[in-house]
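Structures follow.
Look at the two complexes coming up: chain A is in both, with chain B in one and chain C in the other.
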Partner chain A sequence: MAEDIKGKLERYRTAPFDSRFPNTNQTKNCWQNYLDYHRCQKSLESKGVDVAPCDWYKRVYKTLCPISWVEKWDGQRDDGTFPGKI
Partner chain B sequence: MAHQAHAYHMVDPSPWPLTGAVGALLLTSGTAIWFHFHSITLMTLGTVLTLLTMYQWWRDIVREGTFQGHHTPPVQKGLRYGMILFITSEVFFFAGFFWAFYHSSLAPTPELGGCWPPTGITALDPFEVPLLNTAVLLASGVTVTWAHHSLMEGERKQAIQSLALTILLGFYFTFLQALEYYEAPFTIADGVYGSTFFVATGFHGLHVIIGSSFLAVCFVRQVLYHFTSAHHFGFEAAAWYWHFVDVVWLFLYVSIYWWGS
Partner chain C sequence: MLGTVSKQLRSHPALIPLFVFIGGGCVMCAAYLARLGICSPEVSWNRNGNPEPWNKLAPTYQYKFYAVNLDYSKLKKEGPDY
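What follows is the complex of A and B.
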């Protein structure tokens, strides 16, 4: 499993088609991967295991999200005002 | 006066369309002036003129229909069409607010936390006062039907009692809604949740107040022997309107209070 995700990460070129987000507007896709990345980190850190598999979500949201959004959300997480549930 | 060979109502010249138009213009521009310059003079003038027009115009219609016999069966048919068209326009008025609500809640934006109710909003419990309100309005729909049948059967006393009960239920609903508004843990300024909630339920509340007033006018007219068992369209229009307000509440309850919480 760990090898699978490693290989997948190495082969990453861009965000693949995700059937949950079939529309041209990819806002929700960006948002969901941003949430999934931080949920994944939180979960794996609490278990004390390697958080490397979470990087897949990070790659996707870094591809899809405008930089200004990520900066805004990171700032909100630091301030404790981020509206999403992580 | 020459003999009239048809059953239609040839209306007399009346000042009320003109005073109504002037009143509406003063009311809208006066409200804009209140918003921008904090002066309520024009708005007050517009309100007074509009209220005077409403009172006197409807008083004239009651006189024409009840005492002058102008509301013949074909004229009543026209009044029915008018009321149906008016209520249809009201349906579309509310459809707009439901559209706004579903637009915002079916795909909540990241700013809201991607969820509904938005992060930080504590919605009202739909199984407390809102459920009681649903029961109150459904009961008032029953009592207004009871009033209608009493009227048609010539049961004067029952008609008065059931109409009074309907109006009291209407007031009770308004009282409960006022209490809910006062106790609500969110405001109209708390983002799109508060906006859609208070605009939709607020306009519904306004319509309950209008419907209660309409029924109250029917109550007074019933006490004054204006209605007969065969001719009481004013009451029927009020009952239609009341049912419409009732149905809007059911949609509000299911959508905003229940599904939306």
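What follows is the complex of A and C.
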């Protein structure tokens, strides 16, 4: 599983098609991957497992999300005002 | 009110198809709205029990009505499980 993800990360070109978000508006796709990355980190850290597989979600959200959004959300997470559930 | 309507209908039976078609249209509208509320993967009625319903879909779920040149059966889950 981790080897597949490492292979996928090495061959990464862009965010793949996600059937949950088939339309032009990819806002939710960006949001979901941002949430998934931080949830994955939290979950794997609490299990004591290597967090490297979570980088898939990080690559996808970095592809999709505007930088200003990511910075805003990072700031909100630091302040404790982040609206999503992580 | 129903009594008045049925009395008038009996003297003008040609109005019955009007009721049938208008009634049918209302039923179809209500059914479509109900389907959107119940089956749409973007709708969550229970914030605590079902917070993100789009995450419960299979990766091969076809949201759009007509897929032009995308083979949905070949899609897989991309990210790792956690």
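The rule we apply is simple: the second predicted complex is superposed on the first by the 86 of 86 C-alpha atoms of A that agree within 3 Å, B and C clash if a C-alpha of one lies under 4 Å from a C-alpha of the other, contacts with A are read in each partner's own complex, and residues count from 1 in each chain.
In the analysis below, contacts are C-beta pairs under 8 Å (C-beta built on N, C-alpha and C of every residue); 3 or more make two chains touch, one makes a residue touch a chain.
Owing to the predicted nature of the structure, the values given are computational and were not obtained by experimental measurement.
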Next item on the list: Pick one for A:Arg13: touches chain B only (first), chain C only (second), both, or neither.
Entry: neither
Item checked: Contacts of A:Arg39 with chain B and chain C, given as first, second, both or neither -> second
Note to self: According to the stated criteria, A:Lys85 is in contact with first (chain B), second (chain C), both, or neither; which is it?
What the structure shows: both
Margin query: By residue count, which of the two partners contacts chain A more extensively, chain B or chain C?
Written below: C
Notebook entry, point to check: Is A:Trp31 in contact with chain B, with chain C, with both, or with neither (first, second, both, neither)?
Noted result: first
Item checked: Intersection of the chain A residues that touch chain B with those that touch chain C -> 28, 32, 85
Notebook entry, point to check: Along chain B, where are the residues that touch chain A in the complex?
Noted result: 107, 109-115, 118-120
Notebook entry, point to check: Okay, in this complex, where on chain C does chain A touch?
Noted result: 41, 51-52, 54-55, 57, 59-64, 70, 72, 75, 78-82
Note to self: Going by the contact rule set out above, which residues of chain A touch chain C in the complex?
What the structure shows: 1-2, 5, 8, 16-23, 28, 32-33, 36, 39-40, 43-44, 53-54, 56-57, 60, 85
Checklist line | Of all residues in chain A, those that touch chain B in their complex | finding: 27-28, 31-32, 35, 69, 73, 83-85
